[in-house]
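A, B, C, D and E label the chains in the order they appear, each numbered from 1.
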Amino acid sequence: MTQPILKVTGLKKHFPVSTGGVFSKGKGVVKAVDGVDLEIFPGQTIGLVGESGCGKTTVGRTVLKLYEPTAGTIEFNGEDITNLTPKQMKPRRSQMQMIFQDPFASLNPRQTVGTLIGNTFDIQKITPQGGKVEEIQRLMKRVGLNPEHINRYPHEFSGGQRQRIGVARAIALKPKLIVADEPVSALDVSIQAQVVNLLEDLQEEFNLSYLFVAHDLSVVQHISDRVVVMYLGKVMEDADKKDLFLNPRHPYTKALLSAVPVPDPKIGRARERIILQGDLPSPVNPPAGCVFNTRCWKAQDKCRTEVPELVQIQPGHKIACHFPEPASA
Amino acid sequence: MSKMTSRHLRRRLLATTAATALLAAGVLVGTAGTANAAAKTGGTLYFITHSEQFDHVDPARVYTGRDIAFFNSYLYRNLVSYKPTAGSAGSSLVADLATNTGVPSNAAKTWTFTLRPGSTWEDGSAVTCADVAYGVSRPFAQDVITDGPQYLVQALDIPKNDDGSSKYAGPYKKTGQELFDKAVSCKGNTITFKLNRSFADFNYALTYPAGAPVKKAKDTGDKYDLKPYSNGPYKIESYQIGDEMVLVRNAAWKKSSDSVRTPYADNLVVRFGLAEDVRDQIMLDNSIPNTVSLDGLMPANNRAFFDDPKKANQRMNVYDPYVSYAAMNVAAGHMDCLNVRKAVFFAINTQALIDLSGGTVYYGVPGDSPVKPVLGLDYKPTTGNIHDPAWKITGAPDKAKELMAAAKTACPAAYDRATNPDKGIVWDISKTSTNEKASVLITNALKLAGIVMKFNFIPGGQYYSTVMNPEKQNDISSAGWGADWANASTVIPELFTKEGGFNLSQNWNDAAYAAFKKKSDAAKNETNRAKQAKGWQELGQYVMDQYWIIRPIFGKGQFQWGSSVGGVYYWEPQGTFGFGQLYVK
Amino acid sequence: MSAFLEVKNLTVSFPTEDGLVQASNDISFSVDRGETLAVVGESGSGKSVTSLAIMGLHNRQTTNINGSAVLNLESGPIDVISAPEEQVRRLRGKAMSMIFQDPMSALHPYYSIGDQLSEAWRLYNKGDKKAGFKRATEMLELVGIPDASKRVKEFPHQFSGGMRQRVMIAMALINNPALLIADEPTTALDVTVQSQILQLLKDMQKEFNMAVILITHDLGVVAEVADRVNVMYAGKIVEQGVADGIYYKPDHPYTIGLLNSIPRVDQLEGKRLIAIPGQPPSLINLPQGCSFRKRCTFADQVADNLCATIAPSLDMKENAHFSRCHLTEKQLVAARGGK
Amino acid sequence: MADNAVLEVEDSAQDFAQRTPKQIAWKRFRRNKVGVASAWVAIFFIMAAVLAPIIVRLLGLSNTLTYPETLNEYAMPIGKFGGISLDHPLGVEPGTGRDVLSLLLYGSRISYTVAVITSVSTIGLGMLIGVSTGYFRGRVDAIVGRFSDFLLSFPGTFMIIALSLPLVQRVEAMGIAKDNAARIVVLVTFFVFFGWPGFARLIRSQAMSMRERDFVMAAQAMGASSWRIITKELLPNLWPTAIVFLSLSLPGFLSAEAVFSFLGVGVQAPASTFGLVLSDAIGYWRDDPAYLLIPSTMLVTIVLSLNLLGDAIRDALDPKGSR
Amino acid sequence: MLKYLVRRISATLVVLTLISMSVFLIFDVLPMDPARLTCGKACSPAVVEANRHRLGLDVPVQVQYGRWVKGLFVGRTYGEGQAEFTCPAPAFGYSFNRHECVTDLLKRAFPVTLSLAIGAFFLWLFVGVSLGIVAARFKNRWPDRASNVFVLVGTSLPTFISGILILLFVALKFGFVNPIDLGKWVSPFENPLGWINTFIFPWITLALAYAATYTRFTRSNVIETSSEDYIRTARAKGLSEKVILRKHTLRAALAPIVTLAGLDFAGLLGGAIITEGIFNLPGLGRLSIRAVLNDYDLPIIVATTMLAATFLVVMNLLVDILYAYIDPRVRVA
């Protein structure tokens, strides 16, 4: 088997927070990511799903060392990059890129498209073959933008087009890994598909690996090879796409899947739906034991005291649950 | 008389000499109300002023004519006082707490006074000889009793330290108390002063409240300046600096014991800190008819007030006791070149400066001596300065250029400094809008003569302590002075000798200073008044020839009061109202 | 008998610096008690503007409105478009209610939940604050907020997103309205919470026998709850019909495109998505003809360049199914991929 | 195949206006009639100050010369309205007979100089500190924050009054500047010293929120250094704030200078800033009200036009913030 | 809650200590010599030294500071022998120019400044806030435009000009104020009408600029708040516009004004120098500026500086606490 492009072991990222209002003083930590393992192979797409606050975005940022990890190791291309300084990271950054959720916030409004894409070359001090401007225009064309618009500002583009600028920027240096953080969730339905298709095409073309972070299971399901389900900073289930969607073994995954609406009235009405009770607990005070126990319909005493390990229960399928769902036929 | 207050200086400014004709008369008195026409008792009399406070209230510290006249009329009594009448008769002495005006003996080195019985303090207790002695002892406490006249400290026969300070440190520290007790002694109601020199007019020095009694038990040191214990017809009910002072009748005072004072009004209220335009508005509109203004008007408002025929009985315009002048700091590196001093004098446009400050009618006329004609005997028109044919009242830049050309060879360093745009001559002046304008006029006039003049504006309250500090004093300082009594011994030694209290010329490094000092000392000790006067005249001429001071102005003062104030007259020796006879119509 | 709400030819526009914005154009639909009408469309398609106009919540100074929206109340019909402002106000909260997308910002941060609920209740009911709080607590219980009697005194920021949306629903329903307009009620919520809220909405509809207008961009949500569907595009209803019809036999290329372009969680064979090309048009100075024309892959099939010149009207294609398209039935079948 | 799929979605000539942010602001500004008018007024006054020597010479006047013939024997202007005449369009100064127009023109040069230097330095310092504390946060931010809190709790106005005289002396003694130059140095230093915390806070909060924006993270993901992020990503976005602050602080400092000159702790004669002229004019308000009213009107007009201009610039740059 | 208070108060005390230290240090390193300034005419070096001792300036600055702090708690004694006297605690020092304990001076000046500040404060709050609300409600219509004119004039007219114009051309010219009583302190408890008469023009002067700022601030806050979602919610409930404005919009729009107003008020307590100067009010501002310009009276300068700083710091604390009560989001985590 080939070497993974990215290997993450026991990754933790804790943020200090002050919990108090005016009348109470308290310091705590948000365990945004609390022990996550990941492996991404060249050309593979890993979908990272979970509800807001589950730490999926933090994972994406931490593996790119935009956040300093609290614990764990990150290996990129076989090299341990966990403790590299920003300076040491710099040359490696051309190999790993990011696409952001909000196409409005991720583009500096005071820079032209040319500058936005060209920044990458300037920072890495790379002069592309055939000239910078030409390369930028080639990239623009590649992602479906009119190369003549090189001197336009982001506000002159629609959301979908902006996201294309973001994509062009990310692929400019032909990276090996792209962390795509909710790349389509801010887009209109009719535009989402354009960007999803673009990402798929680019993957094919450049043999890219994606860490695809999203809350929308439909999109994740569509684009991923493997899917990792997170809840409160922890991995609940990690499996091959088909395995996971056809045969979710973790109660949380099961509930999550059942909650996804399907654009088909008959199926929609017919489907059995698991409605979880209550809300996501605060990540500052996560529940003891299994973090999901407060909302799990199968929770027992064990779940409230003992943290379930992420274990492989069949080849390529790991879950963290004391009482997994039965494997279906 | 007394030193001008900084307040006076703020209004009075620099100008140079004018015609001699005006100098003859000591008084060019304007109209004055007649005293005691139909004096009425009762009512409240208001006094208004822009000042924040009286400079001092403590009798040992009061030293300005206005404040002395005010408190002497209302609050405390001296052994002797000036006669409270208009005209030159006002300059004669009358017995007050004493039964006589003092008996000199031992070539005027010993003076005795006998206390009049029946005078009392606020609490009804008698004013004793010990109270007088105690009062006299207080100015020796130089760290507490500041600013007062130093005649007693200087003249009493008490040994001095090497630095000139007295070996007696005042009643608080009591160091050398026995030395004081030897110089000032009581026997019953008679007090004896022993002096270290002949002092023919020592009793005049006692018109200053520095010689007034203070009841020891009521002395509060520094705080006595806020509320002295009264033995006069009024007492202080309240005094808040920056706000007001209220005087009410002192029930313990008896008319029978006091031949000098006539309290008419029931209450006296002094309002401090009025904005100048507000103060002027009150006078111009007569909005408070029972008001007396303790200040003059702003120059711009003088004319409106004095041209108004309806106000004919509410004003006077007189030659006051003051001479204002610019003192040359002749210390080395400053104005040490006579030609430069002269050049500055000749270049100045005196007319413009006088106009700026109210014109000759209200401001004053160019003078030719540090001694004012009002001193009579001691004044004699000088030669040179404003009588120089080359001098012009609007400035004589050509003459000044000539002088500068001479200075170029005579004293090149001084010449260079005076003409170098980066250096120039620096003139210390208190910060007022009139002075700021005067600086423009002077700078412009001197520019015509090629002299560079710069001005150092100093906040009023810090002016004298700055310019009298030789380290901080610049080249020229504006100042003003009035004789302490009708003798130039209170002018020339004070202003031009090292021992004087107000030497701005710093002239003791001058080559001829020793001779000057000798002559001055001789004149001071001279008991023959005519001979003494001659000495002062000569010294005055010398001062003017040396241009130690330039462009003295024989100043005028204006006084205004509301329409229901009666009993107003000009008390010549004090240079202000005769407060004692004021009443509310 | 006519439906509870009947909207006819409703047109909303407002002037801006750059020109007149045709926010919604010639909208007609009706909805009755017990029925859920979903309005689907992308951002800027005019779906929210329409509902705000019905509620009378648009800015009256800057907005031009034509057409009518008649509420058939027991006391008689009222056209909320032409009725005086004050009269419409008295309908809000009682005859018709609305909940919004972002429950975080839709609740006043300075007042307790109980205050805000009881204020709504006391507007149409006599009772003091205490009674208001009692009623508020009941409502909170009804919408499934645990520990309601305690939480009624708390402030919005102490609630989670899902709970806030429950509060919003409780507040909207506290006066038992006949019509509830839910504007993207679950967009800001996580899927697990979304299904809770959708379930709640269904329950509440049954409980109160309301007419519900659900505004959303999510075809999945629509499929789960809607009886009938309006598909909007560029300010116009392009297709209108019962849910099954819209999903299984869409009659407009836009609807077809939308259904083809969204991935489905239940279809694991990763077919390439068929995207709708281009961008939605700006609502200012809409082009002549069909506004979908430029993105429509079938426009060139229509003869005489009709799409570019004549705006299609909303025609009935079959029983109670309307569509705004020049394509023939045959061409549409082809567009649907043969169905 | 893939290529085609992408290209087919290329926008078919979206009619977004092709304008830079600057052009948009400029267009918005030009639509604001009041703003344009006040800009002209402000430019008029500023040009008049800049060109004061030329204007004054063209009129055959001088700001230092006195015109004795315009004054009577009490040194009051001859003629009505403070001696307004063809020769002296705004009259003459009582007392000295200087030309008021020249005085005010030259005086406003000083006022503008103080205002401009102060505003620019305040903004420079505030920008530097605000951006770096906002971006780096951490300990330096905490210390600087405390320090600026500390500064803000000082009564600035009073401190200027209390300390200006000794500080001017010190500045002169140190040979940094002399006379009015020294006073200006002290005044400006004070204004900046007490002025920067406010602006730094504003910039800091913006920098902090901007730091959380994805485009900063995008730059980090590309490997950009902090310096590059600050200069290329943050500063260009903070300029509008700085320009708005500049345009609003300029009139503020202009009148502050007038206030302190009025109180006697600013520049001194023979200079003639608004504050000096006004404090002088109070003494003449009965006899020569024009001398009080003309400079007042002029100062208020300048401040008003600059304020209006500032508002217009703010509206143009940031149409949302209507403060 | 209590813990928080203790923490904040102790932090405030630390700040105050630091401020007082730096005030001492600042005035110590300056080339002003108060001993020299108080020395008067007979000024020999010996007298200067004696005065330096009398003023307590002959010891190192830390000792001076120590004495000052001690004086705050136990009072201070000045002079020797017969002339000895004590300023009781809290003693801010003794002014040898005014012959009074600084504390007494402050006690007298403070009610004046407080009266000025309170009156102006309520005046500008009332005018500013109500004009701002009116302007926001009638946005872009004539009341808005009119209030905009007011805002512009108010913010462009420096206080020293408006004050002079009001004093000279209104108050005095039409005889609203007896000039001799100008600035005379009248206690509101003894003579309320006289108090108002004394302060009405200073109030107007001072309030003018602030009212303009508050009008602008209120207007923009109200407008901004009006577009908040929760206002739309209130409207959707069926509340009338009046109720929405009063109960919902204003509550949120005016909350930030509390902070602003608190700090502005505290700033005034430190002395409204210009207004007090123009109207001759014997308040803290005039006390301090006279102390600086007339005689460089160090104890007064230090005391007023400290006092002004204290007001700001304490008011900051109060505003924070008050704000927590207004905004529940701040109150509880």
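By definition in this document, contacts are C-beta pairs under 8 Å (C-beta built on N, C-alpha and C of every residue); 3 or more make two chains touch, one makes a residue touch a chain.
Note that the structure is predicted; figures quoted are calculated from it, not measured.
**Q** From subunit B, how many touching-chain steps at minimum until you land on subunit D?
**A** Shortest path length, in steps: 1.
**Q** D-E versus A-C: which has more C-beta pairs touching?
**A** A-C
**Q** So how far apart, in whole Å, are subunit A and subunit B when each is placed at the average of its C-alpha atoms?
**A** That gives a centre separation of 91 Å.
**Q** Please tell me the distance, in whole Å, between the geometric centres of subunit A and subunit D computed from their C-alpha atoms.
**A** Distance between chain centres, rounded to whole Å: 49 Å.
**Q** If you average the Cα atoms of subunit B and of subunit E to get two centres, how far apart are those centres in Å?
**A** Here the centre of subunit E sits 40 Å away from the centre of subunit B.
**Q** Can you tell me which residues of subunit E touch two or more of the remaining chains?
**A** 168, 293, 329, 332
**Q** List, in ascending order, every residue of subunit A touching at least 2 other chains.
**A** 158, 161, 194, 197
**Q** Could you list which residues of subunit D touch at least two other chains?
**A** 5, 9, 11, 14, 165, 264, 282, 285
**Q** Under the definition above, what is the set of subunit D residues touching subunit E in their complex?
**A** For this pair, the touching residues of subunit D are 149-150, 152-155, 157-159, 161-163, 165-167, 169-170, 173, 251, 255, 258-259, 262-264, 275, 278, 282, 285, 292, 296, 299-300, 303-304, 307-308, 321-323.
**Q** Report the residues of subunit D in contact with subunit A in the complex, numbered from low to high.
**A** Those in contact with subunit A are residues 2-3, 5-7, 9-11, 14, 16-21, 213-215, 217-225, 228, 232-233, 236-237.
**Q** Would you tell me which residues of subunit A are touching subunit D in their complex?
**A** Contacts found on subunit A: 61, 64, 66, 86, 89-91, 93-94, 96-98, 100-102, 105-111, 119-120, 123-124, 141-146, 152-153, 155-158, 161, 166, 169, 194, 197-198, 201, 204-205.
**Q** Taking the touch rule as given, give the residues of subunit C at its contact with subunit E in the complex, in rising order.
**A** 55, 57, 86, 89-94, 97-98, 100, 102, 105-112, 119-120, 123-124, 155, 157-158, 168, 171-172
**Q** Using the touch rule from the top, collect the residues of subunit E that touch subunit C in their complex.
**A** Those in contact with subunit C are residues 228-230, 232-240, 247-248, 251-252, 255, 326-329, 332.
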